[in-house]
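As written, the chains take the letters A, B, C and D, and residue 1 is the first residue of each chain.
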Amino acid sequence: MKYGLIGSKGRLGGEVINVFSENGHNLVLEVDANHWQKNNDPEILIDCSLPEAFPGTIKLVDEIKVPLVIAVTGLTNENLNQLSELSDKIPVVQSFNFSTGIQILLQLTKIAKEKLEGWDIEISETHHRFKKDKPSGTAKMIEQIFKDGKVNTTSLRLGNVPGDHTVSFGGLGEVISISHRALSRRTFAEGILRSAEFILNKNNGLYSFTDVVFSD
Amino acid sequence: MKYGLIGSKGRLGGEVINVFSENGHNLVLEVDANHWQKNNDPEILIDCSLPEAFPGTIKLVDEIKVPLVIAVTGLTNENLNQLSELSDKIPVVQSFNFSTGIQILLQLTKIAKEKLEGWDIEISETHHRFKKDKPSGTAKMIEQIFKDGKVNTTSLRLGNVPGDHTVSFGGLGEVISISHRALSRRTFAEGILRSAEFILNKNNGLYSFTDVVFSD
Amino acid sequence: MKYGLIGSKGRLGGEVINVFSENGHNLVLEVDANHWQKNNDPEILIDCSLPEAFPGTIKLVDEIKVPLVIAVTGLTNENLNQLSELSDKIPVVQSFNFSTGIQILLQLTKIAKEKLEGWDIEISETHHRFKKDKPSGTAKMIEQIFKDGKVNTTSLRLGNVPGDHTVSFGGLGEVISISHRALSRRTFAEGILRSAEFILNKNNGLYSFTDVVFSD
Amino acid sequence: MKYGLIGSKGRLGGEVINVFSENGHNLVLEVDANHWQKNNDPEILIDCSLPEAFPGTIKLVDEIKVPLVIAVTGLTNENLNQLSELSDKIPVVQSFNFSTGIQILLQLTKIAKEKLEGWDIEISETHHRFKKDKPSGTAKMIEQIFKDGKVNTTSLRLGNVPGDHTVSFGGLGEVISISHRALSRRTFAEGILRSAEFILNKNNGLYSFTDVVFSD
């Protein structure tokens, strides 16, 4: 496929370029701060940039009307509403975390929650020191599972850690934990590729990465 | 209830006596190596002893025909077959681990296994230095989930650790772990009490602690 | 020895009573909120109570002039200054954590700090849901090691966890962690006993549990 | 510097090429199974290959007489003796692990060992599924610290984990663990570069990576 990439100079952008290239896809439009290079019309847009670039992404997608996979973390509720409106016109996949393992962690957490009523809940995330948002978008996704109760979230910033997330349930005689550890950013790039392949021929609408993983 | 306790001098036996007493139950028969004290006829038998005592337990239950909750670890397949036969005549709850959390861990592990085909599996358990069997009975229960595939189990013995179990799934870009940590032996005694209350009026048959937890 | 115990009805107080009794020591004075029972003059005072009881402890020690081992967490800097003044008249052992293992953790942390300049530092502690202070007194002891730099501390509250502490150092290619896990409150009671034996014939002064462990 | 690389087609070899190139060094001799390409005489040799290639390495170094940094895991005691003999003629750095963090872990482990006599010792290592030797060379380095006592080592193989090592000390009331986690193979390549810079002008002799780190 011919794809455009917003945030092409970032860390995740670089991984996307590698993974898409290995799978025979062509980067035809590169966008970054002070950078714009277009060789051809893209069939799909990938956004791995920062929230600052969000208005530009919305405008661009509205113009060229191609499917969007958006992996920006730190989006506000207002941003998410704008994506929802946009998805009336084009198919959109939005997630704060594109790893398959995180999808499993979310599912296991939901099941454990049902069985462990009255237990304490702690979410803990660790990321590299360069991460700008706190807590991570993924931690916020986990918090959503417990939105009807009390939950505490802690954030650690350590060196170059790609991303760890743990949900712990504490009872009076035992503790259960569900943990996920990303080994490299490549994992996220692979999830973005999977989402791009998923959405290319889908109807308009707002899809999550959960839809991508569990529709297989 | 009036209960008999085989293995009354052991560590777990002591916890059972505390928890049952706090809940108003009466210890009417105490059995241990070189120890036999009977004050009344028990309505139910609890066995927290060692595999060496197993023939005596079978004989005793067969004589007095009351329900049995058996928490002995290190039982052989032959022992389990004998329990199965015995359960034609009386109701029996058998488990290698009487913690509620372990039941959740087993269920989550089954679900993760379905979604993570081709990932590496590692089971790891840590217990106190006094534990005689290796790997733990609980680790064997987890291994059963993967009996159609390849799984590696490691055992650590550290000080006075009540019992940790972790199942890890390793993919090429990420690792997911499900962990359980017992905080004290009291947890197991509470599960034994729950099983005793469950089985008191049940039909003959061999029940697992999974039956006890998930029939609620 | 004949000892007095302030906070005799608390969780840690109960462990102290067990451990001291097993070692042949006699509880001659019991103090708790709305409770005062004296059978004899104590040779030493142990305080396992809450900061609210602190003024009473100071007053009592000043009257009877016997050595004090104080294991109260959540003391303020002002409280510590008062202890320092008191120690001109009697020997005092004060610590926020009476486990030998924590002393080792502190020492290892100091050494690692020297060698890992420029690495990120994260302190994380987990305790039972009943713990009133946050972060734990032990976490504050660890923070002191990094007082000339930047350090982040996170606190988790889970079920009945006796007390976990981890210090992590994050570099761009690797992470090092030093962890301590208390298995039961008994550990702390044993450290209090060790301190009581240490201080019985010492000169006036303010001692730490580090002094107790490393003077052996 | 002009360097030769044995094992240039392997995973670690690839990282070495990247890190050395970023630092302005020239690869002038490439050696791998069925591969030999020489553009110039190397001033130093790096060996990241497998034990099978060891006889060839010894022969080559003996011919061209340049310093050697050898990062091969799975070497036998006999191999190490041969390196020792070779080091009469040229300077050699040999280690099973070239990360700075592992050097810190080894040092902390030695200190903890002194203070925790009678505690149980467990070493645990986790690596990617492609690792051929078990336990890891690093685990063997840790075992050496406890060679006068009893120690148990467990090995886990999970996905693409670069390398985790944990040493745990278990007492009757507490557990202390020292853990290291490599975030990418790049760490090892950086340690190899540091060793190459260290050894270029050293006297003949067999050096460890500990010498490299602690002589700074």
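General observations
Everything that follows uses one rule, which is that contacts are C-beta pairs under 8 Å (C-beta built on N, C-alpha and C of every residue); 3 or more make two chains touch, one makes a residue touch a chain.
Here the structure is a predicted model, which means the values were calculated and not measured.
Contacts with chain A and chain B are shared by C, D.
Set side by side, A-D and A-C show the greater C-beta contact count at A-C.
Centre to centre, using the average C-alpha position, chain A and chain C are separated by 44 Å.
Here the CA centre of chain A is 37 Å from the CA centre of chain D. The residues of chain C that reach two or more other chains are 159-161, 171-175, 183-184, listed in rising order.
On the chain B side of its complex with chain C, the touching residues are 159-162, 183-184. Chain D meets chain B in the complex at residues 119-120, 122, 124, 126, 129, 152, 154-161, 168-175.
Note for the complex: chain D touches chain C at residues 99-101, 104-105, 107-108, 111-112, 115-116, 169, 171-184, 186-187, 190.
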